[in-house]
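Right after this note come the structures.
Each of the next two complexes has subunit A plus one more chain, namely subunit B in the first and subunit C in the second.
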Partner chain A sequence: MAHIHLEDGAFSFQWISIWWTLAIILICLCMYWMKNVKKSNDNKVLTIAGMCTAASFAIFQINIPLFGGVHMNLTPLIGILGGPAVGGIIVFIVNILSAAIGHGGWGMIGANTLVNITEVSVAYFTYRGLIKAKLSSFSRAGIATLAGLLLGNVTMIVIILVSGIQGVTQSRMDILYGLSLLAGVNMGVAVIEAVLTGYVVSYIRKIRPDMLSEAESLV
Partner chain B sequence: MNNSQASGHIPDLDLITYYSENSYSFLSKASPWIKLIGLIAIILILTIVKSVEVLVALYALLLLLYWQIGLPVRKLFDWCLLPVLFVLSLVILLMWNETGVPLFSLKFFWFSLTLTDNGLLLVVRLLLKALISMTSSLLFLMTTKYAYLSVMIYRIFPFPIDQIFLMSYRFLFITLDMVDSMIRAFKSRGGGLIKSVVRQSQTFAEIFALVFIRSYDQAERVNKAMESRGYDGTYTTSTEVPQMKPIDYIVLLVFLVVIIYLLLFHNSSISR
Partner chain C sequence: MYEIDRKKSMLLFGFLVLAVAGLSLIAYHVSGHMGIEERFNSAVGIEPGPEEEESSGIFGFNIEGNPLYYAVILVVLIILCLIIYIKK
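On to the complex of A and B.
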């Protein structure tokens, strides 16, 4: 999961307001989609979404002993399991919970929600789009995760470049150069997350294929 | 979670909840609403203020308050390590070649990196802001009872976000315990000794998949149980949250005056 690991005060008040407003608009769209398009406002969907949020946050707390220790929220997996509307709401809540324990500032919730909604949506639509490609579920989930995390990273870089960081006087090109290094490291972690998500989806497909019905049902 | 497998640098939600339920300080008795307003005010101050002196004073004040009401200061420092590393990982790329008095330079083949006093101040400022944000969040969480937080979630967020949030907050502790016991079982069978990257990835993927599958199963069971007891999609909260007292309104006024003063005279918000 790409995340703007900056705390409160890094972005100016104007940009915090703008990213929050955009995130609220997207969350409203997710709510509208859930209620009126997917008609998935029944109790079961809400309970499952609540459990997925708890699971995602709990998984973030596990330190995976690979390359010195990696933490991940498996945001693209949430997109594949829940779809972009439910997934959007889940990542919004996970971002609030993360901010509460110091993982990204409160002011950054808007920007981080935009980054994560990008990941959730891209992963979901890529996974769905690859159904006809006759690939294994491992490959589909891996490709969808990589695509989601790549575009999530791009969104993160664009948000930081547009907002600027208070107190930094470097040119946008210099900032872009620095952020590219960070994005490179993030993409290294994204490869690990893609492999893990591939295994997770294959495993779920064997044990509980009905859990993937959201992404695998053809329109 | 008792952190048997989780990193010791991630705040322990069980411990946070233990303090929130068992703390009897003046802050625990205050209205949760004024504490929330206080947290928002601090976030606004962090966004507006540039002065390192003001930030140091605010951090010292919060630390003093944290220690004075009996919260674990050593744990706080442990938990702060991760946000500090996160900030450093980004700022270490941005602190070079800032305008100001050069402190030292590193020359490479085709470019040089110079650290100036302003570059160093940038690091200090962002680190202080991260520490203040984290400390004030934990102060709020560790002095506000679970039931009060639930009521606040219910009143602040619209449907269905409030329902999903309340469900996840309710099940977070159960899920954390489930993850904890799964990792314990994995380690007790020698899982921690696996060195191959591929095998390690597969094993952790199976654990993650099981977490989702069991959460899904549990959600279905809980939903059936709740529906049989009359759940109609509205998870209501009935606890009465302490209302704001006259003194809280005075505190609110002080916050407002401070923020307006800072906005007028210390607004560092860069217009870009």
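On to the complex of A and C.
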């Protein structure tokens, strides 16, 4: 949901390269982990990944007329269903496909992938971590979504502040203030996404608990 | 299996939702009503470019980027999902 909605050229080439490199390193780690540690190339994982990619891509391109226009991309749901490794690869693909249709710049894919990987990972670990709190799956998924999207917004702000925006005269404090307000508005949509994710996860838990087997296993 | 405390679950989630929604409304009130790109450009101090004509969409829901490419990619993804599901 947090997404750096800036055109190519907003970041310098140096920072675009750094974020791209970091994103590629993380994606390679995700692939290595899936292949050599998890050894999960079974069809169930592939089906979940395919479904999540299609759903996330479909919903991410829709501008929702709330607060003047916002986006959802279901990253916390992807994290809960697929885990951080599969989720990381999914968000990378969704960012590439989004840039391919003109939603977001190619240079921003690296930075946006890092933001989305944060959302996926935080949601997954929060959902798992709350098992011992004896909360319902609806609440756990909802709280995990809020936590994931909050930290995704924080990552987005940090990336923009560190990179700086080319051709802008505002001070970093002004940018921080502006982005904090933007993150605040984004969190309003996070509430809707939290309720939606809560319902989807609790429904899946009822009809296909095996799909949540990894996130549900006790730590 | 573990026993779920439903009351605690709803109270905790409800409190978080209300707190986040309240803060979000304050942020919206302070920043004002604007589109996503306008909000981003204003936040980082980028001068607004030439006005782009935006379609009103269906009930205000618009598709970002090229709608034709969106449809093509979505259809390809759905077909791939079906193939994987059937092969399973």
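We take it that the second predicted complex is superposed on the first by the 200 of 219 C-alpha atoms of A that agree within 3 Å, B and C clash if a C-alpha of one lies under 4 Å from a C-alpha of the other, contacts with A are read in each partner's own complex, and residues count from 1 in each chain.
Here, a contact is a pair of C-beta atoms (placed from the backbone, for glycine too) under 8 Å apart; a residue touches a chain by one contact, two chains touch by 3 or more.
Worth saying up front: this structure is predicted, and the values here are computed from it rather than measured.
**Student:** After superposition on the shared chain, which partner residues are touched by A:58: those of subunit B (first), subunit C (second), both, or neither?
**Tutor:** The answer is both, since A:58 touches subunit B and subunit C.
**Student:** Looking at the overlay, what does A:74 touch: subunit B (first), subunit C (second), both, or neither?
**Tutor:** first
**Student:** Go through the superposed model and pick first if A:143 touches only subunit B, second if only subunit C, both, or neither.
**Tutor:** Only subunit C is touched by A:143; subunit B is not.
**Student:** In the superposed model, which partner reaches more residues of subunit A, subunit B or subunit C?
**Tutor:** Touched residues of subunit A are more numerous for B.
**Student:** Jot down the residues of subunit A that show up as touching in both complexes, subunit B in one and subunit C in the other.
**Tutor:** 5-6, 10, 43-44, 46-47, 50-51, 53-54, 57-58, 61-65, 69, 71, 97, 100-103, 165, 167-170, 174-175, 178-179, 181-182, 195, 198
**Student:** In their complex, what parts of subunit C are in touch with subunit A?
**Tutor:** For subunit C paired with subunit A, touching residues are 2-6, 8-10, 12-13, 16-17, 20-21, 23-28, 30-31, 33-46, 57, 59-66, 69-70, 73-74, 77-78, 80-81, 84-85, 87-88.
**Student:** Going by the contact rule at the top, pick out the subunit A residues touching subunit B in the complex.
**Tutor:** By the definition above, subunit A touches subunit B via 5-14, 16, 27, 31, 34-35, 41-44, 46-55, 57-59, 61-66, 69, 71, 74, 77, 81, 89-90, 92-93, 96-97, 99-107, 163-170, 174-175, 178-179, 181-182, 192, 195-201, 203-204, 207-208, 211.
**Student:** Mind pulling up the subunit B residues that touch subunit A in the complex?
**Tutor:** 1, 5-7, 10-11, 13, 39-40, 43-44, 46-50, 79-80, 82-83, 86-87, 89-90, 93-94, 96-99, 118, 121-122, 125-126, 129-130, 132-134, 137-138, 141, 158, 160-161, 163-168, 170-172, 174-176, 178-179, 183, 192, 197, 200-202, 204-213, 215-216, 218-220, 222-223, 226-227, 231-233, 268-272
**Student:** Within the complex, which stretch of subunit A touches subunit C?
**Tutor:** 4-6, 10, 43-44, 46-47, 50-51, 53-54, 57-58, 61-65, 67-71, 97-98, 100-103, 131, 134-136, 138-140, 142-143, 146, 160, 165, 167-170, 174-175, 178-188, 190-191, 194-195, 198
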